[in-house]
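Mind looking over this structure? Questions follow.
As written, the chains take the letters A, B, C and D, and residue 1 is the first residue of each chain.
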Amino acid sequence: MPADYKELKEQTLLANLEIQQRNLAIYTWGNVSGFDKARGVFAIKPSGVPYDQLAVDDIVVVDLDGRKVEGELNPSSDTPTHLEIYRAFPETGGITHTHSPHATAWAQALRSIPILGTTQADHLAGPIICTRVLNRKEVDSGYEKNTGLLIIETFRNPESGMEIAGVGPFPEEPLIFAENPMVLLGGHGPFAWGDSPAKSVYNAAVLEECAKMAWMVMSINPGFSSLPDYIVNKHYERKHGDGAYYGQTKA
Amino acid sequence: MPADYKELKEQTLLANLEIQQRNLAIYTWGNVSGFDKARGVFAIKPSGVPYDQLAVDDIVVVDLDGRKVEGELNPSSDTPTHLEIYRAFPETGGITHTHSPHATAWAQALRSIPILGTTQADHLAGPIICTRVLNRKEVDSGYEKNTGLLIIETFRNPESGMEIAGVGPFPEEPLIFAENPMVLLGGHGPFAWGDSPAKSVYNAAVLEECAKMAWMVMSINPGFSSLPDYIVNKHYERKHGDGAYYGQTKA
Amino acid sequence: MPADYKELKEQTLLANLEIQQRNLAIYTWGNVSGFDKARGVFAIKPSGVPYDQLAVDDIVVVDLDGRKVEGELNPSSDTPTHLEIYRAFPETGGITHTHSPHATAWAQALRSIPILGTTQADHLAGPIICTRVLNRKEVDSGYEKNTGLLIIETFRNPESGMEIAGVGPFPEEPLIFAENPMVLLGGHGPFAWGDSPAKSVYNAAVLEECAKMAWMVMSINPGFSSLPDYIVNKHYERKHGDGAYYGQTKA
Amino acid sequence: MPADYKELKEQTLLANLEIQQRNLAIYTWGNVSGFDKARGVFAIKPSGVPYDQLAVDDIVVVDLDGRKVEGELNPSSDTPTHLEIYRAFPETGGITHTHSPHATAWAQALRSIPILGTTQADHLAGPIICTRVLNRKEVDSGYEKNTGLLIIETFRNPESGMEIAGVGPFPEEPLIFAENPMVLLGGHGPFAWGDSPAKSVYNAAVLEECAKMAWMVMSINPGFSSLPDYIVNKHYERKHGDGAYYGQTKA
């Protein structure tokens, strides 16, 4: 019943195209997947196909054992990373990986991004964590799978994450995955997620914008300080809390 | 008589669309309002609606008691900030809030922008002030209203503003609101205003451009100095003074 | 005989429009003039008119005594600056003034741009000079005229120019105007020129690109050094010397 | 038989146009050539012709003795550089030279670009080398030919290359030309190559993106370190090694 996956594949296609429209990657340097929890499958970009040649039937559907269930092409080489994340956090509806330049620069600098303003606090209530670099063993065998596992491990044990620039070590308390929808993979680049493929691209764009601003803050005022907790929480809650009053849906 | 507000709503719609056209915010990260002093109402962007889906009847009209007088949607969550500014400075015709990246970086760096060149002096006769960060009490109750009050307070007592980068404390003398049509809200981002919604977006673009240049000046010459007063005043006066001779209107 | 100036006005119009097309200024923050040496007049952008509303008959024609000889609108407020330059260097065919961000940042930083690479050497055989800031007397009376005179003086006595970043004082030897077709006006922004209006915009774009690169070089390698003279001269000569072999015209 | 070169010229034309589409150079500041090894000729952009005026018959065909075998126009002034590279490395299918701003800034800063992340490792397994500056003798006679020879020499003796920023001297081991498809010419700018004209532009875009990120990394974390070898090799091999599994071709 191939038609079953049509909507999932269409959503995933549109989200992949948005990578290019929002300048989050050049060439094929990014991919989006979309997860259907009920059926335990996710749709993902095929490997190495330019965005402007991408059609809905090029999108590949894969199950949580990594078996292709629909599609002719090879799925993204990052498929095992997406897979591990959906396994560990099945409420996730979409994942985006890009090489957007400012976020990637932070990942390459091996620094977590401090929370410096309300732009970031509107989307997560703290710094944006950068993972450690994968070790040799993790790279030599099951590299992309281990990339997913490292992201999961880092959310469970954030003290393994890289130093927050200008602030210090990352706090120990576990990070809630759905509430911190973005990460920097140390030495590599950004991943972001959300409850749909489109929302995961949105969060990838948020990350790029926060990374750009934080980079500039560091040169304008090297003695910058983090936004006080009471403002961080206020901004996060007014968009995401029980009493959220931003937007139209909770009017 | 809903048709009464049509022109105000149209002006406000066009000004909101210009935020996107001039790259002053991504997604819905900005809003413009337009004030009708005679009737004591202002029109404002609805909360969370993407610019390219915005129609004139989506624009919400609110009175100075914060009551919606026209429109189906929720007004911007920043409405109480706009309201307090129109109350305190009723000659203001429009207000723009964005998260444009360079201006927001300065706001996050908690630094006022020095006056370094004639680009800035063409629009205001001094530094661009950055407010202090709101305190816990101001945030916990009436956050957006207190944001407006903080901007007003900062114009009355500029010495409460943040240090001018590379220069020192902000001078004590009150800032004239209409003549200094832009501010950085500490830890948050820029607000700008003018005698119309369109003029307020113009000033938001001016602020972004001045913020970008000042950021670069600091790395080109860390020992930079402010533009001498006699040039600041000359440029401001040739555009805004009694003997202004820039443009066509005073020919 | 108003039709006489049609070609000059058209060339000047097209060059003004290119300011916007090449992102050398936002709004009306730039102007181009074109000089007809034989008739002793120049065409220039009207003051404060947006580029996308500009028609050929809006272009104003002015003689070297500053009298308007054709056109209804006020000429650019910078007209006296252009006038002085055409008077002093009548071989000049066009002048462009912009507030392009990187060049303006250097002008605000009060630093001359060192010659760091062949991109710059393809267009002039040395640093790009930044003038001193005008003094109070020059500003208080005849500001725009004195701006032109300062540019002229600086080319005659370059040692009055600002320090070359990372290099030291500007050499004393007079700069040949036609061979150094760009300048930073200290605290203000860039002017560029050439043998036609179009060529002057080209040189304004060259200046912006060189300013952007030099800004980055300073942070990549604070101990950078200037390009050796033998390469500077080679690149300048292969494009502009007697034996020039770049392009098609001297084949 | 002029029609023989049609495909080579068309490929070369399209690759030249891509320089502009991908913002790798303004005006005519870049050129691409394409090599036909079997016939020992290469096609190249004519000198000084704007990209948007370029037609397929403007493309010039030159043999490895530098003789024009087809075309009316002068070939790029950089033709002798391309020629020497094709002579030394005849497996090369295309060469691109641009003045893209971030790559050119590194070339002007006389620093090789360290390998900081997987974006770079996806394309070459090490730093991007910056050559020394040509000496006076090399410039005074046969400048463009010597530019090519310097690139060749630098790949054979990389220890003559410039220091890797923040890392130290370049390792001595010869660089394999096809596997390190990009170089910074000290004081000038980037060259890139590949097995086709299109691929050489691709590599020029990769270089610009890596240069941009590395520049930002240096200011985010001045104490940055290179990506560990085991990740560098993993990323390079998954795209280019015997067991490559990126893309569709080796499915």
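In this section, a residue touches a chain if its C-beta (ideal position, glycine included) is under 8 Å from a C-beta of that chain, and two chains touch if they have at least 3 such contacts.
Remember, it's a predicted structure, so these values are computed and weren't measured experimentally.
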{"item": "Centroid-based (C-alpha) most distant chain relative to subunit B", "value": "D"}
{"item": "Euclidean distance of C-alpha centroids - subunit A vs subunit C, Å", "value": "46"}
{"item": "Gap in Å, rounded to a whole number, between the CA centres of subunit D and subunit A", "value": "33"}
{"item": "Multi-chain contact residues (two or more partners), subunit B", "value": "219"}
{"item": "Inter-chain touch pairs (all)", "value": "A-B, A-D, B-C, C-D"}
{"item": "Residue ranges of subunit C touching subunit B (in the complex, touch as defined)", "value": "26-27, 29, 46-49, 73-74, 77, 99, 101-102, 104-111, 133-134, 136, 139-140, 143, 165, 187-189, 215, 218-219"}
{"item": "Residues of subunit A touching subunit B in the complex", "value": "22, 116-119, 202, 205, 209, 212-214, 216-217, 219-221, 224-225, 227-228, 230-231, 234, 238, 245-249, 251"}
